[in-house]
Structures are given as C-alpha cells and as structure tokens.
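Next up: some structures, all given as structure tokens.
Next, two complexes with subunit A in common: one pairs it with subunit B, the other with subunit C.
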Partner chain A sequence: MSYRASFVVETITNIGGTALDVLSVIVIFQATKFVGGFTLREAILMVSLSSCAFVLADFTVGNIDRLSTYVRAGTLDAVLVRPLGAMAQLLLMDLPVRKMLRLVLAIVTLAIGLHVNHVVWTLPRALLVVGAPVFGAVFFGAIFVFSASLAFWWVDSGQIGNAFTYGGRDFTAYPVTVYGGWFRSLFAYGLGFGFVAYQPALALLGRADPLGLPAWAGFVSPLVALVAAGAAAIVWRAGIRQYRSTGS
Partner chain B sequence: MSVIEMRGLRKDFTVRVSAGRLRRTKRTVAAVDGVDLAVAEGEMVGYIGPNGAGKSTTLKMLTGVLTPSAGHVSVCGLAPVPQRTKLALRIGVVFGQRSQLWWDLPLGESFALLRHIYRVPAADHASRLRRCRQLLDLDAFLDTPVRQLSLGQRMRGELTAALLHGPKVLFLDEPTIGLDVTSKQAVRSFLAELGESGDVTLVLTTHDLADIERLCSRLVVIDHGRVVHDGSIEALHERYGSRRRLVVDLREPLPPGFAVTGATLASVGADGHRVAFDLDSAEAGAVVAELVATAEIRDLALVEPDIEDVVARLYAAPLSLRHGLEQ
Partner chain C sequence: MNVLGARVPTISPDQPIRVATTTFGALARSGFRRYATYRQATIAGAFTNTVFGFLRCYVLLAVAAGASGGRPAGYGTEQLATFVWVGQGLLTVVALWGWTDLSDRIRSGDVVAELLRPVHPVISYLAPDLGRAGHAAVFRFIPPVVVGLIFFDLYLPQRWQTVPLFAVSVVLAVVCSFSCRFLVNATAYWLHDARGPLIFWTLGSGVLAGLYFPLRFLPDWLAVTLWVATPMPGLLQTPLDVLIERDPPALQIGLVALQAVWAAILLTGCRTVQRRAERKLVVQGG
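Our next item is the complex of A and B:
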C-alpha cells in the first residue's frame, strides 16, 4: 500500500470527526441534565443513529461530491461517453477505505447507545435498529446526490450543498425538540430529517413523542428515504440534461 | 442508410450579461443553429470551423454528452441522450483535450479496465490491441502511468482506447492538437488505414487542414453554428474562387500599366522585382510568354491554391456574404 503516512493522517482525522459529534453532545449535557426533554443517554442513542446513517451514506455515496470538479473542468464529458451510468462511475472511481474506520466507530457508538438505555427488545425494534441506519443512509445519500447535483446549475454550489449534508447531519444529532418553530417544521418534517434518528430513537426507547406524533412515526423512515431517493434521482437526471460542458 | 442524422439540430446556451450595476439580463446564444447533415456508413467527414463555431458542441450532442435544445439527432439509429449507455458501446470518442484514460494507471491497465467496462470478449480485445500496438508503436510505453506519457504517446493511447470495443462510428475532436509533425503523421496514417477498411465511419474536427486533406473526402465547414459548406475540398476551392498563383522574379520592374488578360496582378514586391499573378482564366504559359516579351525573368514559381487560405478567407468573410454564397 502506497501513501502510508497520508492514510494514517486521514484515518485519524476521520475518527476525530465522528468522535467530535458525540463529544459535542456530551459537552452540552455538562451544563444541563435535560436537553429538549431528553437525558444524555437518550441523546447518545440519537446521535449514534444519526452518525451510523451519515457515515454509511458518506462511505457509499460521499464520493459524489467530486461531481463539481468534473462539471467545472468539463471532464464529465469523458464519463458520459462510457457505457455505464454516470453516477456509478463517479462512485466507483475509488473506494474510500479511509472512511471505513468511521463506520466501525459509529457502530460502536450505536452499541453503547443501545447498552446504556433500557430497550425492551421486540421483533419490530430489532428490525428498526438495523433499518434506521440503513434507510437513514439512503436518506442522507439522497441529500448527498441532491446537493452534488446543484453543481449542474451553479458550479460554485459546494457550500450550499454542504449546508444540506453536514447541516442535516448536525440537525439529526440532537432531539428535534431543541429546535423551534418553522425551522423545526421545515427540517424535521418538511425535509424529513426528523425521521433519520429522532423518531426511530423514540420507538426504540418506547417513549411517546413530546411533539405528539404517533408511535408508528418511528417506522416510516423507509418511506421517507424512498421519497427522498426518488426526488434526488429526478434532480440528478435533470442535472445531467442541463450539463453544459466547457469549451474545448 | 445514414449512420448519423441531424435535422434542424440546435443548441442554445443562456448567457447572463450584466446590465447596469446590479441588474443582469439573460441572453440566448445559439452555439449550433439548425444543422442538417447526414453521414453514410464508412464515410470520413472532416468538420471544420473557427473557434467557437459549434464544432465541439455538435460532437457533444452526437455522443450524448449535451442535450440538444431542438431538432432531431440520431447515431446508429439511437437517440444519443436517452440511449446514451447503449450508444456508448457502438461509438468511439477521442476528445483531444479530455482524456479517456485513467491518470494514475499504466496505459496497459487502462486498456484492461476498458475491456471490462465495455464487456469485450477477451479474444476480440487482444486482437484489436495487437493491431493498435503494431500500428501505433505502443509497446515502449505500455507500462508507463498515463500521467507520465508525452502528449503524442497519450494521444496514441487515446486512439487505441476508443477502438478497443470495435466501434461503428469514431468521433475525433481535434485528435492532432498540440502534436509534433511525426506524431501527427503517425495518427493520420493510422486513421487513414482505419478509414480505408470501410467498416468505421469517421467524423473529425480539426484546425489542421492537412488532417482533412489527408483523410477526408468530405468537408463540412461550420460557422456561427451553421453549415456554410458541405462537399469535397475541390468543390470548396471552386466555390470560393481559389486560383493558382504565378510568382515571378524579374531583372527589372515591370512598366507601369502592365496587364495580362485572364490574370490579376496580386502583389508587387522587392522594389518591383517580384510580382505575383492570380490566374483567373489565362494559362500559366500565356502569362509567362507575355512577361518574357516585356522583361527578363530570373525565376518563377507556380503556387497551388492552399486550403488554409481558402478557409481563412471563408472565416473572415462577413456572415451575410457567406450565406449569400450559399444560395
């Protein structure tokens, strides 16, 4: 394996990223016992579900953010004349082994989150504990694709895109009860971020939603994920048709 | 049956121009403005035009990279954008300025990877590669990573990469750009051989008209997104009145008012010691005879019309005139 030093440094920074998410949640709980009506233990379950989903999405579709470089330089031309889907080619160009460790760390955090809470195990909950990260990843994957696609319309859209991907991850790391008013309505329910970690965590814990959504709301993440993926696919296809290439 | 068909093909780009301090207005620019062309199987077509004429844009619409704004386009009976991946199996593309190869992989491995991407049977792949290695002299750098190849080597690699899946149509966008004379010749004679076999239809854009003279029986000139000439090189000369030129070195200057019927005095240089005549209808011999009668000739040369000059005149002519010539 070449570039060993680079690999080590990237691995460490990658682990740092995930650890920081969890740490920031812990730090907030140093100031108060309850955040948004939830205890530290419950909040850790939420942040770990969110981490698992995000890291899994980042590992599989995170590479899509290189699209903006391809659009800017016009090198997407070369991708488009090969007999494979453009997205598949962008994703398969390299396998981000560095991000592997983050995934492992996120799973460990989830195990801890489940361990420190008293989850009464039933079959639906067992399915949920696997399904929530997977469909959460599909959801985040859709967000990745959507925000990368913005590059088809605005070449310099990188930061706007990041607002959705990384902003979305940070949003899901906390109970949605900490957010207020229209902001919560828009992100948690309008865009669906509330169904990545918050609602599934409630269902795992067997807690009633303080915001009044019924118990089955914890199980609708596949539906939300599929709608998001469908929307992202439409935006992607429109983007490919909108692609302008560059002068050559 | 035509392999490539375009009818009323258009591509508009929206450009935002600042108008005043904050206001920006949208303006639509037609990069390709209603192109009608049909290319038959096995034809070799040269596609030329000044920078920004719409050559590459047309090629990108034919290969499914860009979506046309209007009009009909089909290649191998397929619609390029909706059937892009299907079409990709039947066409080969070389964009002179966009590499198809993997920057960090040795050339040979890039070829092996392409075999999997295009799902080419191993035997076909091997025989095509063998032929390219022989004709393009690839063996010396087959194990070199692509980023370390010289431009000439890389271009030979690109050509091979575009042909390994046995495409029916080959699109070449400035395949000889930036190459030295030897590499250009290597690429040209390879393409010529390919064209002679007759199973590949070839469309190439270029600024180097020697490519066209060497390779293409049909020349399409595009300017401002419109086809201004479609035919043979000879037809182009005829239409734009290219004439042979007689250049004569004289002992003493010609007397003022000297004229020959059927020829135009094009230039006088070297203090009147060198004159050039464009031959309209007169034969070179007749002009020489008249000259000999007037002044002593030291040297003379007959210059064939140069395609570069014709095209330069074509590009420089105002658009209205060119369309006038069209009709």
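Our next item is the complex of A and C:
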C-alpha cells in the first residue's frame, strides 16, 4: 500500500474495465433493438452475471496467469521448496485489493439487471442469483488454472490462455444465440460457457431457451463448475509433477 | 570519426541521407529479427486473435441481423465481418498493447545507453518498431484473415486505389500507435513507474480505436469528436474503414490525411517530451 497514487490509478482502471464491458453492450444495442433475439434489458442481466463470475474468479485466482513468468524465471522453484501448497502461495503472492471495487460494480450492475427485468422471485431463483456468480467464478477459476498450467509444457503459451479466460468472459457477455454453428457448440456446451450466464439468466427471466434446452439447464452450473474444477486440478497436478525447472 | 577507421553510420543533419537510411534499415531489421525468434508466442497469439475474431464477428453479425435494413451504421454484413477479421490481424501490427520497453529501461536506468548513441532516441525506438510491425504483418496479420475468409463471407475492395491507400493507412497507424506508446511510456521519466498510465492506455485504447465495436456505432457528434480531436481512430478504425470502403474515395483520402496530420503531431510531441525528459533525467546508481 505504499504506492498510493499507483493504487488509486489501478483501482479506477479496474472499475473502468467492468464499466467498459457493460458500455460495449449498451453501444451495440444502440444499433439495433434485438441481438440474438434478446433485448438490452435481458442482455444487461447476462453481462452482469458474467461480470460477477469473472471478476470474482479474477480476484481470487487471477494471479495464477503469471505462472509462465515464474516458470521462465525459475521463481517457481522457491515456491515449491516451501512447506505450503504451491497453488496457495502463488495466489497469495499478490492479493489484488484493487480488484475489490470491480466486484462491487459488477454486483451493482447485477442488481440493476434484476431490477429492470422485473424478476418474479421464487426460492430457486433466489438461490440461483447467488449460486450463478459463485459457481460461474469456480468455473472461470478452473479455466484460469487450466490455461496457466499450459505454461508447464509450453512456456510461451500465455496468449492461448487469454483466448479462454478473457475470450470466455466475452463469450458469456452475450446471449449464446448470437454465435453460430460449431463455434457455439464448442464454447457453450463443449467447454460449458453457456451455463455461466446465459442459462441462469433464462431461468431468472422465466424464458424458454430458443435453442431448445430444458428449463433446468439454468441450474446445472454447479455441476459444470465442479467438473471443470476437477479437470483443472488434474492438469495442475500433472503440470507440477513434470515441472523440471530452468537451468542445468 | 574515420580517424580510427571505424565505419559507424550516424543520423545527424550533416551526414548524407544514405547513411541515415542504412542505420534506420539496420534498426528495423533488428526489430524484425527480435520478434521472429518468439515463434511459440507468435503461434499462440495468432490462435487467440482467431478466437476473438469468431467472438466479435458473430456479435456484429447478430447486430446486423437485428438492425433495420440490415446495415447498422451504414455497414453491410460482409463489411462488418471484414472489419472484425482484418481488425484482429491489424491489432498486433499496430501493437496497441504490451509494449513497455521504454518505461522498463527508464526505471532500470538502462535508458542512458540510448542517450549515448549517435541516433535520436525516438528514431532508435521507431525503427525497430516498424521492423516488428513488418514481422507482424506477415505472421500475425495473415492467419486470422485467412481463417475469416474460410468461415465467413468477407468484403473485397471494389476500387484498386483502396489497396495502396490501405497500405499507407496501416503504416501511418503503426507510426501513430508507436508515438502514443512512446508518450505513455515516457511518463516514467517523471513517475519512475509508468504502470498506471500504461493500464489506462490498455483499457482505453482498445475501445477508442474501434476494436470492440466500430466507432460509428457511437452518436455522430462523439464519433466526429474522437476522429478530429484524438489520434485514437487512426490506430485501427481508419485503416479498416478504408479497406472496407465505408466512405467515398474523397473521404477515404481525407481520413488518411487526418492520420498523417496526427502522426506528425505525435512524433513532434515525442521529440519534445524526450528533450524535456533529458533535461531532468537523473540516472541512479553508483
């Protein structure tokens, strides 16, 4: 906290990041009333669910994407010889307090999204509105860990990870109906991004899925998140085990 | 200088132009070679650009499908698809993000080496950056555009003049982008750490350059203000608009001329900032 000006700047820009995501959606909707068959109000709900999940994941495990730097520089060795879990240490090497405000903004947007859509409250929906961001965050966290783990095998892989972390965030910010063909099948159902914001939003809105998935699809995000987390844990362990450090 | 028999090409007013161009060329080639060594990163980056190409392309096509007349802000569907895919290719050519060479060297004090060289610091960074852009134009621009061509209907220019004009526009975009990055990095002369300004830049440049959505989606007054009062549209939006022939030929040329004006202003700005910085620079260390 000794770099106060720097802290202020980073806090402002972190808020700006989330604001920009929402603003982009609003600008896109200035050109047309319906995108993929959804209105701006409904889209706001989706982008806010996606933001909440992503920001929460970024806040907790986002640091992991610096793994490739540690692998390259050999800093990871110092982490591995300590009697603590490698993952826990990497995450706590820099606790990003500045990302906190971002989370607040995402939650405010979610509240606005819920308000303008006149959601009819039931117990399952109340659980869903808390569960979707949390399990979405677990899911994004798994994607973060998964893409960072690539660095164990391929040091310069940083950008590929971005395609799924930040790309995943962008994907979930819009209704899945926007995307076409195999690309939608792969991202929404193959990788599971469709269950982060789109399906829960449909369930909250009480809308039937234009793509034909049943109503309970909005509630499977915990399952998708746990599968993803399990897969990420396996890849992480495999990566740590085969890590050979740098140098001779 | 030839007393020692050393053949050191320099850029200075009293040397022939040929020597200046040789130095510039050598520096540019070094920039090209530097990026040519990062082969894995090139592949990884091109893959990521391609994924984002799919994401943005589908979103804009959905907008076109919903807009009245199917032409949001005057763009046809093929033009929008081209806008996205060529934009993903150009993103690394103009290199909006990730350049911290100058601020890193200022913080570490290594920048003093630049001041000892017989080449102006702005030139000694500009030339390698053009070399880097040349590398990106081959290895980072082509892959996403080819993928776009395979999976989507793209717009091909109808007028032959568009192609050379696009090339000029891209070069100007690289110069503008370089100057902006130089200025952002140069804040480290005063702040010691340019992290804050760099984050601001990373955040703002994408949206203001037209990466996330075409700037013409914005209200007219805002779009025109951005174009005239800031160099930002010149970094990405202008070359793309030129390529997809959004405007009649006269306006196309006008937009590129505006880019040229901004390039001149920004380069002059870089020189001025560098001169002032040299006056106050204190390199630490024993």
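Note that in this section the second predicted complex is superposed on the first by the 246 of 248 C-alpha atoms of A that agree within 3 Å, B and C clash if a C-alpha of one lies under 4 Å from a C-alpha of the other, contacts with A are read in each partner's own complex, and residues count from 1 in each chain.
Methods note: a contact is a pair of C-beta atoms (placed from the backbone, for glycine too) under 8 Å apart; a residue touches a chain by one contact, two chains touch by 3 or more.
For clarity, every value in this text was computed on a predicted model and none was experimentally measured.
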Which of subunit B and subunit C A:A31 touches, first, second, both or neither: second
Touched partner set for A:S157, first subunit B, second subunit C, both or neither: second
Partner chain in contact with A:G131 - subunit B first, subunit C second, else both or neither: neither
Touched partner set for A:P83, first subunit B, second subunit C, both or neither: first
Superposition-derived comparison: subunit B or subunit C, residues of subunit A touched: C
List of subunit C residues in touch with subunit A within their complex: 38, 40-41, 44-45, 47-48, 51-52, 54-56, 58-59, 61-64, 66-68, 72-73, 193, 195-197, 199-200, 203-204, 207, 212-213, 217-219
Residues on subunit B engaged by subunit A in the complex (per definition of touch): 13, 52, 56-57, 60, 63-67, 81, 84-86, 88-89, 91, 93, 95-100, 117-118, 173-174
Subunit B-facing residues of subunit A, complex: 74-78, 80-85, 241-245, 247-248
Subunit C partner contacts - residues on subunit A that touch it in the complex: 3, 5-6, 9-10, 13, 16-17, 20, 23-24, 27-28, 30-36, 154-160, 162-164, 167, 170-171, 174, 177-180, 183-184
